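Each of the next two complexes has chain A plus one more chain, namely chain B in the first and chain C in the second.
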Partner chain A sequence: MEAPRFQTVTFLEATATVISTIIGVGVLALPRIAAEAGNSGAPLVTLLGIVLSTVGLVLVTALGMRFPRQSPVEYSERIIGRWPARGVSLLLVAFFATLTGLAAREFAEVVVTSVLPRTPVEVTAIAMLALTAWCCRANLTTFAYAHLFYLPFVLAPGLVIVALSLKNAALLNLLPVVGNHPDAGAIAAGALTVSALFQGSFVVAMVIPGMRRPRRAMAASLVGICVAGGLYLAIVIATVGVFGAAATAEFLWPTLELAKTTLLPGEVLERLDAAFLMVWVTAVFTTLYSTYALTARALRDLFRLGDHSLWVTFLLPYVFLIALVPPDIVRLYQVIEWVGRFGLWITIGYPCLLWLVCLLGGARGDEPHAN
Partner chain B sequence: MTVWNRWFGRGPERSSRPPTPSDILQQKTDAKVSGRLDKDVRFLQDLFGRNDDFVIRTLQMFDSRPACLLYFSNLVNRDVINEHILKPLMGAERPRRGLRDARGMKQFLAKRVIYYGEVHYEHRLAKVAEALLRGETILLVEGLDEALHLATRNVVERAVEQPETEQVIRGGRDGFTELLATNVTLLRYRLQTPNFRVQMLTIGRATKTKVGVCYVEGVANDTLVQEVLDRLQAVDVDGVIDAGTLEQFIEDNHWSPFPQIQNTERPDKCVATLLEGRVVILTDGTPFALIVPAVFTQFYQTLDDYTERPLMASLIRMVRIVALIFSLVFPSLYVSVIAFNPELIPTKFAVAVAGGRAGVPFPAVVEVLVMEVTMEVLREATLRLPQQVGGALSIVGVLVVGQAAVAAGFASPITVVVVALTTIGSFATPAYNAAVALRILRFVLTVLAGIWGLYGVMLGLIAITHHMLSLRSFGVPYLSPIVPGDWQGLKDSWLRAPLWWMPRRPRHLFPQDPTRLAPDTQGVILQRPSHPLDPVRPRRRR
Partner chain C sequence: MRTEAFRGLRRVIPCLLFILPLVTGCWDRLEIEQRATVLGLAIDTESAVAEEAPRDVGKSPSIDATTSSGMDVPYGGTLFRLTAQIAVPGRIPLGPGEGGGGGGGSRPQEAVWVLHSAGTTVNDALQQLQQQVADKLFLGHLRILVVSEAFARARGMQVLTDFLVRHPEVRRTVWVVVSRGRAADLMQTAPPLERVPTLYLMSTLDHAKQMGKLSNDFFGMFASKVVAPGRDPVLPYVEVMQRDNINLTGLAFFQGDQMVGTTARPFDISTYMLLTGVRPGGYTMMVQVPGQADTVMWQAYRRKQRVDVTFANGRPHLSVQLHIDGNVTEKSSDRVNLDDAAVIRRIDEAVAAKTRANIEAVLERTRELGTDPVGFGEYVRAKHRRYWDRAVKSKDRWRDLYPDIPVDVRVTVTTHRLGMKGR
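What follows is the complex of A and B.
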């Protein structure tokens, strides 16, 4: 994917990339999605979603390790033929561009609703997207450095909120574990939506060609999704435990409500929600950074260009337009759910298909260069 | 075609100016010393005759042969010329055997007559002219086809003093001076290994500045040394005024606010970095040495961190980091909390802040920016003023202006506190250039805070950190050893681990010999110490 001299990404950096890509704006709405689907069984729904996305991630990583020096765009052409693969790759580009736009819009809505009520949502969104685009021109080494560097800021708010709010939690709110009146269909649908929140982990396919030792990619993916999934699960448990399933389903962003209930010992700061939200900017940024970079690099590989920075600038207006498509926040969440479910075909279904063809046809990439 | 060129002024410019001395030298690079005194002297007189300090002393040597001594009177040590050159030349005894041939004469002059250390012959007139400009004295003798060079250069030199910009509590009190030779002496005296190398370059067409590239062979990475030499050799400019101008020619990113090359006045610091595997660039005419490559952590470290014991050093270093972060984000956080999220701070304090700001007509961001700019003006003014006046000005500025601004309802007391803390914080950063970088970025962050509150501050901080992550200094990532993570390096980043616990040189410099501490030293240090003066034992011995 990149020139051989950029094969610098270490295990730690790859893991950090997976974690901080997964943890994004989705964490704010996650408890609501899970509680709507399974009421008190929300943690179960989340767990199922994590398992499903782990399957997808394992497939993507296995494919990447089979073709350790090629990007998904390149090896898919090798597996299922040039033109079909290009079609799907184009779809992949469109999907991740949409994902970037929608995530930016979602976070812009959060910011406008809670801290900047008089700022237009377009302005907040374009500021974030412009920053992401500016950063995206960096090479893969810097990309991985950034994810490692921001990791503490991505993990800290979630962990602190969970730790501070657990004293208010009641175990009763989490029982029964399978939820009241369990409905397999609703739980499955909820699990699918939850698993759509993990789609950013597809970025590992982009990182593997830059890894110093691609053999450790699988470990990085698994550790990454365990940490990110564990944090998501903890947040769902804490939210439902504090508010109860019914109230959680009523909030637009239950995690933000949870942040409001927390208080630092000593009352140095009276409220923490704004502070948490600001640290979460980092988490959202890393997610956007990954999906944006993924889009730009996939386009570069698709058009056989040497440099991705051209696409970075070129993509910005389109991503911004996508961010503006949903007219209001209710429709925004409908679109996000729909796009997310559709995306599962690309991030889980497509790797599944590629893997099967690989197994049947025995296609294999070149051995990684000795390093 | 010629008509075309003439019409459109494209032709070669007809130069009407008379040739300058350097033009003449370039035309006659291979002119040789002829051996005819009047001809050679006339050549040099044509070159330098218009300088009033150019001295041509004609004399008759011991064998009444005419000779000529040439020098720039302000560049040479005249006592030496009188005592050790002129006197023996004129008064030496004529050798018994006649010196008919030129070769015998040359040998005789250099070996028997002149009492002087650095002497050599040169036959190219262009080189002779260069040597004169360097401060050497030239002896031309009738009948000799070579000129005798005598290194009589004498330049005013400042004494070795304590460096003013980098004071330490504990550590050497000597600093570099302007002369390259003195600076190399200071390094050699501290670093007596045969592996210490100083490679000399001459940069600057007019200034002919000597630049010494110092490194320790076997420690510094070869490719790094080669890259430094390549980058320096690529510089072709009329003058190198200071190490700072050289720095701008060889740094990696010219538009970054962050310095990617460290400078220091301290020889002990240079030795420490040389032993880490870095390269030190000494420039003639400036007391500042450049250290490459430089990473961000270096800019908040001082020599005191290593001369003091680890616990104290770590604490002080952390204080410095806090000051650094203060100077970057404090005003912007203040602006965004006051203007956008007053609910974050405790109610009582929020009421106090609001009370203080009640009479201030401007938005918080304008207030802070105005005060910050005022502070910067004060700081710059104190820097430029003579020292005797500067102290008075800073008191007048800080106390009176701050108090008056509050009394006039121009700024709230808390703003003054915030601005003052920020400024003090920026003074706690040891490296001036890194402090300036953060000061510039502080303004950017404050403006962002005024527009988008905390959200803007976060976006700004992400942009800054991402820029730092993408920055490289001679290939070394700027935030090493934090990212990319290196456990050995982390011991000397925001903490300072005990010296015996850091047996390796920084890995991001790829030193050729990575170990600094012998493996058994660590064991010896960690062994239980013996207690020769244990109060029990001497009594037993009695």
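What follows is the complex of A and C.
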């Protein structure tokens, strides 16, 4: 339950929160995931993933609007009963803590591979997590405002890279639309993995109780996922268009390769990867910020505490440990894929179940008081 | 008020003490003068080096069978010779105003330092090079990589492509060229136009690209084409002229990463660019005016290409439609009357006929070599998925099929202008 004095989140802030939470560390590997699943059909795989995530997000938002002043931990108890709901909520906490840890690790791996080869991975990960934890102590008003503030830095690098590299793209690389040797199984699996990159959008469930007008949450969610999904789709199209599907699947982080290949007009900057990475740190931070805050707040609601900042501090060592678990980059990506797919049960499957029970049982939250 | 601020500060300071030492980036601190900036690399087969003793390039290290990684029986290939051009920090003039007087920047040879090493892989050779150099080798400014034709034919580019794609410092926009003779010679050229030799080599290629005389086949493009299912890559093919400059001789054709041949002459670069749909055209061709012994020089400035795939009896049939816009830039005799529209039309036809002949010659060569540099296979893969998935499937199979697929070429030409002369 959010204190009434923090119920200040506007439509724009909610939208920005959804966008900057979705756009995060996954954008670097996304074209590879899509190209591996569907070769030249990579944009199709991405689009399917976006559609699936949109379904989940719409359900989460609809639930939030039905219980406009309650958090998911609270309303799920009302819908399916206290103990089953608490069990799933604990899973939700564990999932988002893991997601935070893995995202911090993936970020640290990118940094150590591409720019700071001698800086220990642990240091980069803990620096990022400590910064996130520190910021997470803030209230919901600050949280939403921070997302709005960072939005331009989150969107800019992707948009610039796409705009500058599209002139090198060849339409031929994007055909056939369904890919060669299309395999429905592989495409579906790829779409699930892509959809897992959008799970941060669950944060809207945390934001709705703080919204000034929760009725506008649906619009915020839809605009948010359209913008973030549109950018992701554009990045996949640009990457596959420029390199071709076969080469895209060979790079570990094709989006970074795109930044490397792109020249600023007039060749002022001959490679954009350093600039891209600098700004991209912001996008990683906003994602970590959301998933970390979501974890801490879910714990607060689960244990009926008034303040979440206690949990923020206690969580840090656990999240950091999770970040250190995968022993190498190959298994890191395996774990990310596995955790991400599992998470779909929580971020899409569970809301679906809650919604069905709601429809059958007619559970409904308190009406939000006007104004 | 004050105590509250203090309390805030008391909370912030431990955090700062914890975070600040971690974010200074001291692990990777590397001052610019502590880097050995590699500007160019050349790769030769060991036999090519043995034939000719190295010239005045300083003492070269003895190369024995043991490489720096401690392997005496190199698997997957033989030892090759790596030549590196390293920037000498103080000697490279920074702006146009510098150089000439003082600093020794006026002599191109002095701005760089040329070193040799050997290895079985690029990393291996670089490691041996590092043993000879005090500062850490830095590849972020690597601008050109020269591979000798002997190496490209014998070993292929795989060892190089893997290294370049994997290495985070290397730019994707680096030029990789194949040299006719020893690649090391290109590292030792000392052109008077540019104060850093590799930068001269690089601008030779960059400017050729801007003038429409070279396709944009830099390393990143090569790496993409190597793995693309329906096409093979090309690289610029150069040779050293009189020690100081390079001559853009043509294109090197590859089968995957293995070099298999070259274009017959420099003009074939233009034909290749025409076929691949590069719009600006920069080459001038000489055509005989039909019915006369005289010739005109004709320069293309804009080109358009369209490739269609049709099927007859279940077999693909390629048709290429081309349109070229250009100008007459010179005539050999006053007997040619350019003021006559009929003559212009005849010139158009002659240009079209000659272009068609050029295209046929280039295509015939690619068929003989069993390589598809134009990427006709990509058209089939992209636009006729069912046929590709059923009958072609792989790059090797496409290379088998390609030589037998008929290609129709239709060329239309329009002459637009005659320059500043009226007739």
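Please note the rule applied: the second predicted complex is superposed on the first by the 371 of 371 C-alpha atoms of A that agree within 3 Å, B and C clash if a C-alpha of one lies under 4 Å from a C-alpha of the other, contacts with A are read in each partner's own complex, and residues count from 1 in each chain.
We take it that contacts are C-beta pairs under 8 Å (C-beta built on N, C-alpha and C of every residue); 3 or more make two chains touch, one makes a residue touch a chain.
All values reported here derive from a predicted model rather than from experimental measurement.
*Asks:* Is A:285 touching anything from chain B or chain C once the two structures are fitted on A? First, second, both or neither.
*Replies:* In the superposed model, A:285 contacts chain B only, not chain C.
*Asks:* In the superposed arrangement, which partner chain does A:10 touch: chain B (first), chain C (second), both, or neither?
*Replies:* Only chain B is touched by A:10; chain C is not.
*Asks:* Scan A:142 for contacts with chain B and chain C and give back first, second, both or neither.
*Replies:* In the superposition, A:142 contacts chain B only.
*Asks:* If you stack the two complexes on chain A, which partner ends up touching A:251: first (chain B), second (chain C), both, or neither?
*Replies:* In the superposed model, A:251 contacts chain C only, not chain B.
*Asks:* Figure out whether A:90 sits in contact with chain B (first) or chain C (second), or with both, or with neither.
*Replies:* In the superposition, A:90 touches no partner, neither chain B nor chain C.
*Asks:* So, A:127: does it touch chain B (first), chain C (second), both, or neither?
*Replies:* both
*Asks:* In the overlay, answer first, second, both or neither for which of chain B and chain C A:62 touches.
*Replies:* A:62: touches no partner chain.
*Asks:* After the superposition on A, what does A:176 contact: first (chain B), second (chain C), both or neither?
*Replies:* A:176 contacts chain C only, not chain B.
*Asks:* Have a look at where A:352 lands relative to chain B and chain C in the superposition and call it first, second, both or neither.
*Replies:* A:352 sits against neither chain B nor chain C.
*Asks:* On chain A, what residues does chain B touch that chain C touches as well?
*Replies:* Residues common to the chain A contacts of chain C and of chain B are 115-116, 119, 127, 131, 134, 270-271, listed in rising order.
*Asks:* Please give the residue numbers of chain B that touch chain A in the complex, ascending.
*Replies:* Going by the criterion above, the answer is residues 340-341, 343-347, 452-459, 462-463, 465-466, 469-470, 477, 479, 482-485.
*Asks:* Under the definition above, what is the set of chain A residues touching chain C in their complex?
*Replies:* By the definition above, chain A touches chain C via 40, 113-120, 123, 126-127, 130-131, 134, 172-173, 175-176, 178, 180-181, 242-244, 246-247, 250-251, 257, 260-261, 263, 270-271.
*Asks:* Which of the residues in chain C end up touching chain A in this complex?
*Replies:* Answer in residue numbers: 15, 18-19, 22-23, 25, 27-28, 165, 168, 171-173, 220, 223-225, 227-229, 375, 378-379, 381-383, 385, 388-389, 393.
*Asks:* Under the stated contact criterion, what part of chain A meets chain B in this complex?
*Replies:* Touching chain B: residues 8, 10, 12-13, 111, 115-116, 119, 124, 127-128, 131, 134-135, 138-139, 141-142, 145-146, 148-150, 267-272, 274-275, 277-279, 281-282, 285 of chain A.
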